[in-house]
Amino acid sequence: MPLIDRNSQGVYIIAATPFTDTGALDMASTDKMVDFYLETGVTGMTILGIMGEAPKMAGDEAVNFERHVLNRVDGRVPVIVGVSAAGLDNMARLAATSMDAGAGGVMVAPQPGMVTEAKLNSYMAQVCAAMPEVPICFQDYPQTTGVQVSVDTIIGLTVDHPQIVMLKHEDWPGLTKLSQVRAKTGTGDVPRLSILTGNSALFLAQEMQRGADGAMTGFAYPEMLVQVVSRHQAGDVDGAEDLFDAYLPMVRYEQQLGLGLAIRKEVLRRRGVISSAKVRAPGPSLTPRDHEELTRLMARLDKRLKELN
Amino acid sequence: MPLIDRNSQGVYIIAATPFTDTGALDMASTDKMVDFYLETGVTGMTILGIMGEAPKMAGDEAVNFERHVLNRVDGRVPVIVGVSAAGLDNMARLAATSMDAGAGGVMVAPQPGMVTEAKLNSYMAQVCAAMPEVPICFQDYPQTTGVQVSVDTIIGLTVDHPQIVMLKHEDWPGLTKLSQVRAKTGTGDVPRLSILTGNSALFLAQEMQRGADGAMTGFAYPEMLVQVVSRHQAGDVDGAEDLFDAYLPMVRYEQQLGLGLAIRKEVLRRRGVISSAKVRAPGPSLTPRDHEELTRLMARLDKRLKELN
Amino acid sequence: MPLIDRNSQGVYIIAATPFTDTGALDMASTDKMVDFYLETGVTGMTILGIMGEAPKMAGDEAVNFERHVLNRVDGRVPVIVGVSAAGLDNMARLAATSMDAGAGGVMVAPQPGMVTEAKLNSYMAQVCAAMPEVPICFQDYPQTTGVQVSVDTIIGLTVDHPQIVMLKHEDWPGLTKLSQVRAKTGTGDVPRLSILTGNSALFLAQEMQRGADGAMTGFAYPEMLVQVVSRHQAGDVDGAEDLFDAYLPMVRYEQQLGLGLAIRKEVLRRRGVISSAKVRAPGPSLTPRDHEELTRLMARLDKRLKELN
Amino acid sequence: MPLIDRNSQGVYIIAATPFTDTGALDMASTDKMVDFYLETGVTGMTILGIMGEAPKMAGDEAVNFERHVLNRVDGRVPVIVGVSAAGLDNMARLAATSMDAGAGGVMVAPQPGMVTEAKLNSYMAQVCAAMPEVPICFQDYPQTTGVQVSVDTIIGLTVDHPQIVMLKHEDWPGLTKLSQVRAKTGTGDVPRLSILTGNSALFLAQEMQRGADGAMTGFAYPEMLVQVVSRHQAGDVDGAEDLFDAYLPMVRYEQQLGLGLAIRKEVLRRRGVISSAKVRAPGPSLTPRDHEELTRLMARLDKRLKELN
C-alpha cells in the first residue's frame, strides 16, 4: 500500500464520515464518497480527523469505517488516519491497526498542554517511539490545540524524527511561516518536508505560490482543490488563482468553525455524494435560513464558473 | 454634533491612526485620511479602537488625535470613540472628554473576565451608570474578549439600557445570531437596535441579506463597503454581492488577525491616503514577500473590477 | 444498587486507576484501593474521571475496570461513573453500560464550546434525553472545560431536569457561588441539590461552613476528608477546620494541576494502597527532588497530626 | 538610589494602591503603608503591578503615586515599578520616568500574543533596546499572560540581556522549573539570576528549599514572608516552614484569583495600615459572608501563632 513521504503532493482530501439520518454509519454512502473523491483526482485521503467526527464514534465503529475506506480505496492513493488521542497507548494501538489495514501514514496533532517547545519536543519523541517507522503528518493547528509551534521547532522535529515526513500547515496567520518552513527544508542538513495546507484552504492560491505541495482540507468541491494545485504545478499561476477566487465565497462560507462541517455534509448531500447530511450530536445544524443562503451561494458559484469558461 | 441612535446605518469606517516613519502622530495624514473616508461616502467613523492602536498611545496623544479628527470631520458624520478600558474611571473620563469634544457615541467591549452573563449584565450596568446618556455601541467580539454573549443577553442589555443603541456584531460564526437579534428587536416591547457588522466584513453580503444596517470595519477600500450597503438598500441584492465577491480576495487577506493592521496601513499608503504604513511596536510588519503578494492582489483586484464594469 | 440523589452527602472519593509499572490495569491494586477507600469511611466513589485517566484507557479497559470496581464495592456505597465525552452516543452508551453494571449515577461536565448559557442548556437537555432517568452529577469546572456557568443556570438545570441531582462544585474562586446555590435550592419551587465540592478540597472547611454536603475529590488521605465532613456534621466546626488545616500543606501540594495525579498515586503507593505509581503517557512524573520534597511533607504531616492529638 | 541586581534577595512586597472610599488616591494611607512595609523588614517593594490596580489609574495618577512612594521610601530599599504595557513607547516612557524618580528597576511581563519563544525573544530584545541599562525583572506568569516560557528561554534571555537580572517566578505548577533555573544559572557561562517567587507565596517554603532568593508577592502579613525567608537563610529550614504552614490557611485564602485583592486590602484595613479597602471598579468586593469568614480566619491565625510560640 502506498505510504506518504517527504515528496507527497497534491490534494489529500479530508473525508467526512457519512451517517444515516438516524446516526448509523452509512457504508453505501462511504463507498460513493470514496469513489467521488478519487474521480476528482485527489492524490490522497485523510480520515478520522476532527471533520470526520472521530471523537464521536465508538472505537469499533472507527476501525470498521477505516477498514471499509481502505478496502474501497484499494491502494490507489495513500490514506492518512488521524490518530491524535489523549493517551499514547490508544494512539499507538490505532496507528498499528491502521498501518496493518493498509494506511499510508498517520496524522498527529499535539495534545493541549504541550505548551512549551521543550514539552512538545518531548511529546513528539514519545509519539515517534510508540509507533516506530510509521510515517507521520504533524498537524500545526494552534487555533484548536492551543499549542504554538515555531518554525525552528518544526525543523527540529523533522530532522530529529525521519518518520515525520509531512506538515499539515494550518497556523493562522501563517503565510510567512509557510515561506520560512519551505526555505529552511530541503537544503543542506535539513531534509525536504512535504507541506500540505489546511485551514479550509482559505489561502490556497497564496500558499501554492509560497511553495506548498498541495492541500489537505475537506472542501466539498474537491475538484477545485485538484485543479488549483495542478494548474499551479503546470505553471499557470494566474489561472490557478482565478479558479480559486471563483470558489472563494464558498470556501469562506465553509470555513466557519464548527458550522462548516454541517455545511460540507449538506453540500455533499446536495451533490449526490452522500445520502444524509446528519452530524452526530452535539453538533452544528443548519437553520432554514442557512439552507436558503447555501442555495443562493451554490447557484452563484455555478454562474461564476460559467462566466470563467 | 450628530449622535448615533437605534436607526444608524451605512458604513462606520474604523479609522487607522496615522504615524510618521518614526512613530509620531501624523496630523497631515490624519486630515487626508478623514477627507478620503468622507469622500467614499461613509456615514460614520470609529476611532481609537484596537485597529486604531489606541492602547499604544499615550493618554494625551489619544485626546489630541481625537480632537483633531473631530475638528476635521466637523459634524458631517457621527464619530464613535472606542473607550474600552480596564477601569471604569478611565473609561468614563474618556467618554466624557469625547462627548464634550463632539463625538457621536462610544464603543464598549466587555473586559475579559465578564465570563458569565450575570457578570456581564452587572458590568454593563456599571458602565452605563458611569456615563449617563452617552450613546453606546456594544461590541460583541468574543474571539478577542473571551466573553461569550447570547442573543437573549444582547436583547436584555438594549432593553434595560436605552443608551445601548448599537451592536457591533462580530461574533463568528455569527450569521444565525445576527438573524436572531434582528428578529427579536424592533418588535413589541423590544426597541430597534442598530446592527453594524465587523469581523473585517468577511460576510458583509450575507449580513446585509440577514438584516444588518451596515458595516463597521476598517477595510482599506471603504468605497466597496459603501457601495455594497447602498446597492443592497436600493434593492440590488445581486449587484451588491457581485461587487463584494470581487473584493473578497482582498477582504480575506486583510482579515488576518494582527497582520491585517499592517496590510491595511500599507494599502492606505499605496493609495496615497497616509504617508507611512508605520505600526507602533510591538506590532506586525510585512516581509518583502508579503509586499509582492499584496502588489499581486491589488493588481488582480483592479483587473477584476474592470471585468465587472 | 444504591443511587445518588438530592440528599447525597459525605465523601465521594475520586478513585485513581491503578496500573502496573508497565502500564497494564492492576486489578489486585484496584481491589486493595477499593477496600482502603471503604475502610476510611467514604460514602461514595467516583471512577473514570480525569484523575482516573479515563481518556487514556481503551474502551474495553474502561468497561473492565468499571465492572471490577462495581463488583468489589458490591453495593456498599453508590459509585458515580464519569461519562463526559465528545459525542452523545458514546456518552449514552457508557452511561447505560454503567447503570446496568450497578453504578449509582454518572458525572457530566459540559463539552468545550458550550460557551453561552443558551448553548449549555440545550446541551444538557440533549444529555438528559439521551440517558433518561439516570441520576446525574453536573460538574462545574470552568478552569478545565472553559465553560462558565452562573448560579441561575445551575438552578435552571436542576429544576428543568429532575435527574440532575448533584453538583460537583469546583469553580474557583467559588465560595460565594456555593453560598448562593445553597441558598437558592431546597426552598419553594426549587428542589434540594446535593453539593459536593472538588478543586482538590483546597477550601473544604470553608465550603462545609457554607453549606456543602461533602467533598468529591481524590485526596490521597481520604480519612481527612471523611473526618472533616463528619466532625462538621456533628457540630464540631472548629475541630473540623483544625484537622483540615493540619493537612492543608499536603492538600495544597496535591492540588498542582496535572502533577497532582503523579503525587497522589505516589502517596497511595507509599501508603501501601497500590503497587505502582505509574501514570500513563503522556503524563506527569516526579523528579528525585520531588520525591524528597514529598517525603519531607509526609513526615511533617505525621508530626503535625501527633501534635494535634 | 538602590538598584536591583542579580544578587537581590529577601522580600519585595507588592504594594497595594490605597484609595479613599470614593476612589481617590489616598496619600496618607500610602505613607502609612510604606512605613508599615519597611517596618516588617522587607528588602524591596514593587508598585503599579496588577495588584496595584495600575491599569485602572489615569496616567498622571500613576506617576503621582509612584513619586509619592519613592519619596517616602527615600532610598531605603529598591523599588520596582511595573511597566508592562501594550505599546513599547508607553512602556519606555514610564520606565524612564520611574528611573529618573529613583526606582530601582522595572518589571515586565510579556504581552499576550508573544506565543512562541521566537516571538518572545524578539519582543524582549525590543523591550531591552527601548530602555537601555534599566534593570529588569522578567515576570513569568503564564496563567495571566498566556505566554509559556521554557527554562532554556529564561536562561537565554538573561544571558543575552545583562539588564535582565531578576526573575519573578510564578508559573504553576512550577517547582521543578524553579529548581532548573537555579541549577542552570550562576554556573559557567551563565550569570547568576535573582529569583523571587510569586503566585501569592503558596509554595514559599518549598521554593526557598529549592533555591529561591526570596518572595515577591502582596500577602497582607509581610512579616511572615520576611521571617520565612530570613529563618531559611539562617539555616532554620524547619522553623521557616513551621511558620509558613501556620499562615497557609490565610495564604490560600488570599490566593483566590481576583478576589484576593479585595481580601488583602480588607486585611490591611483591619490591621490599621490603610483607611479604606476600596477597590476600583470593575473589581471584586466581599460579601457579608466573606467578611465573617475572614474574621474567623484572622482569629484562627492569631490562635495558631500563639500556639507556635
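As written, the chain order gives the labels A, B, C and D, with residue 1 at the start of each chain.
Definition applied: a contact is a pair of C-beta atoms (placed from the backbone, for glycine too) under 8 Å apart; a residue touches a chain by one contact, two chains touch by 3 or more.
Nothing here was measured: the structure is a model prediction, and the numbers come from that model.
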_Chain hops separating chain D from chain A, counting only touching neighbours_ = 1
*Same or different contact residues where chain C meets its copy chain A, judged by the half mark*: same
*Looking at CA centres, what chain is most distant from chain B?*
C
*Between chain B and chain C, what is the gap in Å from one C-alpha centre to the other?*
46
*Taking each chain's centre as the mean position of its Cα atoms, how many Å separate chain B from chain D?*
38
*asked:* By the touch rule stated above, which residues of chain C touch at least two different other chains?
replied: 258
*Examine which chains touch each other and state the graph shape they make (line, ring, star, complete, other).*
complete
*asked:* With touch defined as at the start, can you tell me which chain B residues reach chain D in the complex?
replied: 23, 53, 55-60, 85-90, 93, 111, 113-114, 123, 126, 130, 258, 280-282
*State the interface residues of chain D toward chain A in the complex, per the touch definition above.*
115-119, 142, 148-153
*What residues of chain D sit close enough to touch chain C in their complex?*
172-173, 175-176, 179, 202-203, 206, 209-210, 241, 245, 248-249, 252-253, 256-259, 287, 289-290, 293, 300, 304
